[in-house]
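Two complexes, one shared chain (subunit A), two partners (subunit B, subunit C).
Coming up: the complex of A and B.
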């Protein structure tokens, strides 16, 4: 959290409190509207903690809200009242009577526990599948609430809940929610989750356990939404299961989407806009008198209105009105320097122990096609090995297998003699394997600094965020990116994006670094500059580097050893000069006829 | 045993309808990456067309093709008017757009037709059944099963043997490459919507033929189930959609038939719970889509 973020969050808080004070002084329907607004805002912020940071929409949060409303209602309802309304409730619930605060705590913890169980499944699914499963969750919980008649009165109205939610309670909880949501977004968890939203594969390669990050945010967001559920139950006093189904899901999703789900300001803006529009439309729904003309009564005007707003925003600005920027980032751009210079500036990276990475007879088959056939290779610390071969020879596939992004069909990969073949990419990253991608895979919506920070935070919490910041500074300095540190990654030039790829891989402080065509698309000058930087890496960091490139002069000058792949086999290995003269290599590159001509010129 | 066979026939019939709906969703998803929430409203439109045709005195045999044609047209209009502007946006954007379209249509049905369920005039023949040993099989079930199977065979032929069908399969695997190879985006997408509209239309006719009524939310719940079926089968996989649809049909009917009475209220929740449990075992579905896990790195 930077000073700017705190000022921004303070701004939201002041806005909420001011709104609460004004509404409380007017009272009446305005006050009631505002209480509902605060409750919706809490729910939307809660949904945003998951959906905004992970990029996965959820229809399931209303289920958590429903569970919370019913459970807290049962807990706070006077025992005598329960004898009337819930005559068949189990004894422990029938006799329970808690105060508002304890009931809220119990409810929120219960909902978070439920979310944890459900989240284990949902976090395993990707994007759209996860979204639809949340839809399933909503239908399931709806069915259970109707089925569990003894404690919920089924589809009948559930009443007798004490009306304890007033504007003070609602406003305080909204303030809490907005601070939690904003802090989470900029926390280590939020940062890693947003990285996975921008590029799931790259996040994994940089050490992010995507499933775990999704699960954490899912449970936290369920907790926030549960607070909204408790509040709405104790505001209405009487409600039915319909309150927690598609109509309200639609309204809350609209609030989340219209403002822009990626930001806290977006949630706030969306909640304000949709509340205002719904209030207005609700008033004309029953028909109004305009200049003596009575408009007809229209059922569901609010729904249509919200629907049209969604369409309009999606057509014009699909990221939402505020898109990816927080209000504080718009209003206070340069007023405050984003970062105070780190005190502990590092000039050399933390020392990593020497090591050995070995590939033993790695085989990878795609259906019938053998992309790699018993490929063996070794990479020591401090060594630069070139991996070359014609297009389609299996170079990138080998990097993918060794970095855990593809499972090997057969064979083993070892680090210091330990088998690491079955490990997922994020575990390999923590073991010191880092990589760049041939087709750039940066976290596009994030700044260059944040991109690099994601991998630098791999060692958090066992190493501090301060040392991660120092690692970021070092990586940016090494790749000469300090001047663009605060720029959004996707707006950089192609060459700079490649440099960010390398910086991001460096910030993991790897023992083994895989560079997949780092010079692709660069001109001669850029390539030369890059080469000087890469040479420096070995001296400064001491890691082993495995580099794939088609720029043979670069490979020959840079590498200690060269391995040549052709059609999934290693056809040559050795010092650059000897490999260059190897007839098999020449043949692989130029074909048999060409190779004879070249062999002729070489022997002359 | 007879009860079991009877229930199995029910399951094939219900599962077939889910399969048709899930297939319509999967075709759109595999090509555009879009989850079309408004698919159910195509089914509802079919239902209302049948209702109006009945009132106008058209025989069912004529009303059904008219209703399916209207569903196809509605799908094409939906694509052209509502979805084309967000075609290249993220999955979330397209999903929310279609959700908004669905809600708007539902509200329009409520206001312009009726919020209440309306009766649809059907030929008496549909309500009759054939007795076969101890079994009694409804005519509409026989029709439903045979029509579903016919449609699946025709669709399979279309996708494998015709140019547009092959272009659509290519687009489902990799749309950008298919475009480079000369497949026309607008034609492929319009074709996909036409097919999904036809499938929703057929499903709508079968649905109404069993229930003889239509209401504004008629299509919403079966399509929700079809989404779940599509996920169970493997989102984006056409074979998977059919498999998932039938699987969900079997799970629901057998639960309804064999669950003890006191658990019956939880039947729907339990059915979906089973599906989610299956997903835990197979996160990519029963028949994963071709391009799952093949993203190029």
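Coming up: the complex of A and C.
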């Protein structure tokens, strides 16, 4: 958390409290409209904690809201009332009578427990499969609420809930929700989850356990939405299961999407806009007097209006009104930079223990195609090994297998003699394997610093965020990126993006670093500068580097050893000088015919 | 950015104007209607409010109630949803109404009843027929329709008189109204009949094959089937029942007093249902139907428009008796009303807890048309006590 985030959050809080005070002083329907607005805002912020940070849209959160409204209603309803309306409720619920606060706490905890169970399944799914599953959750919970007649009155009205939600309660909870949502977004959890939203594969390679991060945010978001459920139940006093189904899901998603689901400002803007428009339409659809002219009744205008707004906003700005902008980040840009003082926190490179990474007869088949056929390779600390070969020879596949992004079909990969073949990428990252990607995979919406911070935080919480910051500084300095540290990664030049990839890989403090075509797309000067930097890395950090590149002069000058792959086989291995004279290598590169010509290129 | 701000500012201003309290002058009776103009209740609340409007226009044209209280209507749509009913009712109460109209079903009306009671404003549901509504809804909640228990008693007595002995009732626990057949069961058994089975369905269910098979396989055969199902369930049910060859007498209730029922052809032929009135030649209802046709350019095709008209007449009588538009006074006056002449029936609230005493009409579908079976009064001792079910 930075000072700027806190000041920004304070701004939102002041806004909410001011709105609440104004509404409370006007009273009446304005006050009630604002109560509903606060409740919607809490729900939207809750949904945003999951959907905004993970990038996975959820249709299922209204299920949590429904469970919370019913459960808290049962807990707070007077026992005498329950005897009449819920005559067949189980005794422990029929006799329960809690105060508002205890009922809220019990309900929120219960909903979070339910979310945890459901989340174990949903967090394993990606993108639209996860979204569809959340839709299933909504439908199933809807069915269960109707079926559990004894405690919910089925699809009949559930009434007799004390109307305890007033503007003070609603505003306080909204303040809580906005602080939680904003703090979560910039927390270690939020940062890692957002990294996985921008690029799931890269996040895994940088040590992010994507499933766990999704699960944490899912459960937290369910808790926030549960608060909204408790409040709406105790605001309405009577509701039916319809309240927690498609129509309201649509309205809340509209708020989330129209404002821009990635940010807290977006949730706020969306909730304000949709509330204003729908309240306005709802009031005029019954017909109003405008300067003596009576407008006709047009019931149904509200839903059509919200639909049109979504269409319009999506057409003009598909990321929502605020897209990925956080208001506090625009309003307070230079005033309070993310960093206060850098020099003080800089540290010397951490000591990396010596180690050995071995690939033993790794085989990888894609259906019938053998991409790697019994490839063996070793990489020691302090060594730079080049991996070359024609396009399609299996270089990137080998890196993917060794970094845990692809499971090997056969063979083993070992670190210091320990088998690590079955481990997922994020575990390997923690064991000291780090990499860059051939087709740049940065966390595009995040700043350079945040990109690097994601991997630096791999050791968190066993090592502090302070030391992670120090690691980031070191990585940025090493790759000469200090000047662009606060720039959004996707806006950088190609060469700079490649350097960020390296810095991000470095921040994991790896023992083994895989560089997949780090010089691709760079001109000669940039390549030379990069080569100096890479040599510096080995001296400074002492890790083993496995580098894939088509720039053969670079490979030849940089590497201690070179391994040549062709059609999934190792066809040559050894010192650069010997490899480049190897006839098999020459043949592999340009076929028999052009072998003489290429020999020239290789030795150049 | 500024354009966006300007838009927001305009919206805010418009919202503020729309939200201004509209409390009328002392000489104005402000009635708020929170009814289901869209959604599942629209076939009932739509016509009811059309009929209501006719009465309002008539009264205002004549100079207001008792020649001095002009009526002002504020209408809101509840989308046939309990939660939205609660919000709409609260807004109406906030804007200073004297009388609240709630949806034509007991379930969403419960949401409004609690608010009306807190605000001490009389509330009326045009066509909710569950006797539990005024029972649970409190002193300020009134119904305007023959109660489910009364309708069921009339139907059961008629069935017994026809010599029908073996009944099957089909109900849905989804709403209070659709549990009406359980009252029928009670009365039918008291009268010596046998209830062979009580089946359930879900509102919106389209496939009744399991229920139909059960009814068909009953031994001795079922000679009367009673249900309070309505659209879209009822047409599906009776078609499937007839298609399976079951010829038992089917009895329904007011929910099927709609044009659909008369367009079902052979499947609905002979069907009998209870409702709130019938336009015999020269009757007040026939008169009303003519007014309706003049105002809306089409014939009314349901009793609910007349029910809406009658509701306004009840309120008029209450205000007249109270001599004021003060909500508490109106409430107390309505509770004492006797023999108000509506177009569907004579209406009495005195001595009840809010469920009016009104005639029940039995209608038979004959050649796709309405045929009056009778307008019998139920035997008072037989009427079951209201209960949540």
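Everything that follows uses one rule, which is that the second predicted complex is superposed on the first by the 581 of 604 C-alpha atoms of A that agree within 3 Å, B and C clash if a C-alpha of one lies under 4 Å from a C-alpha of the other, contacts with A are read in each partner's own complex, and residues count from 1 in each chain.
Basically, a contact is a pair of C-beta atoms (placed from the backbone, for glycine too) under 8 Å apart; a residue touches a chain by one contact, two chains touch by 3 or more.
Owing to the predicted nature of the structure, the values given are computational and were not obtained by experimental measurement.
Superposition model on subunit A: subunit B and subunit C are shown accommodated side by side without a clash. Applying the stated contact rule after C-alpha superposition, one finds that A:382 touches neither subunit B nor subunit C. Once chain A of one complex is fitted onto chain A of the other, the partner contacts of A:78 are absent, as it touches neither subunit B nor subunit C. With both structures placed on the common chain, the touch criterion links A:237 to subunit C but leaves subunit B unconnected. Angle at subunit A (Cα centre) between the Cα centres of subunit B and subunit C in the superposed arrangement: 50°, in steps of 10. Of the two partner chains placed by superposition, A:90 touches none, neither subunit B nor subunit C. When the two complexes are overlaid on their common chain A, residue A:521 makes contact with neither subunit B nor subunit C.
Within the superposed three-chain model, A:300 lies in touch with subunit B and with subunit C [touch as defined at top].
Once chain A of one complex is fitted onto chain A of the other, the partner contacts of A:10 are absent, as it touches neither subunit B nor subunit C. In the overlay built on the shared chain, the residue A:157 is in contact with subunit C alone; subunit B does not reach it. Of the two partner chains placed by superposition, only subunit C is touched by A:279; subunit B is not. Here's the short version: in the overlay, subunit B gets within 6 Å of subunit C at its closest Cα pair. For the contact definition in use here, the residues of subunit A common to its subunit B contact set and its subunit C contact set are 146, 149, 299-300. Only residues 28-30, 32-33, 36, 84-85, 87, 146, 149, 154-160, 163, 232, 236-240, 242-243, 247, 272-273, 276-277, 279-280, 282-288, 297, 299-300, 321 of subunit A touch subunit C when the two sit together in their complex. On subunit B, the positions that touch subunit A within their shared complex are 29, 33, 35, 82, 85-86, 89-93, 95-97, 99-101, 103-104, 106-108, 110-111, 115, 220, 224, 227-228, 230-231, 235, 265-269, 272-273, 275-277, 279-280, 283, 285, 295-297. Considering their complex, residues 4, 8, 11-12, 14-16, 18-19, 21, 37-38, 74-77, 79, 81-83, 85-87, 90-91, 94-95, 107-108, 110-111, 114-115, 136, 173-176, 202-203, 388 of subunit C touch subunit A. Subunit A makes touch with subunit B in their complex at residues 51, 55-57, 120-121, 124-129, 131-133, 135-137, 139-141, 143-144, 146-147, 149, 201, 246, 250, 253-254, 257, 261, 298-300, 303-304, 306-308, 310-311, 314-315, 318, 396, 400, 405, 437-439, 441.
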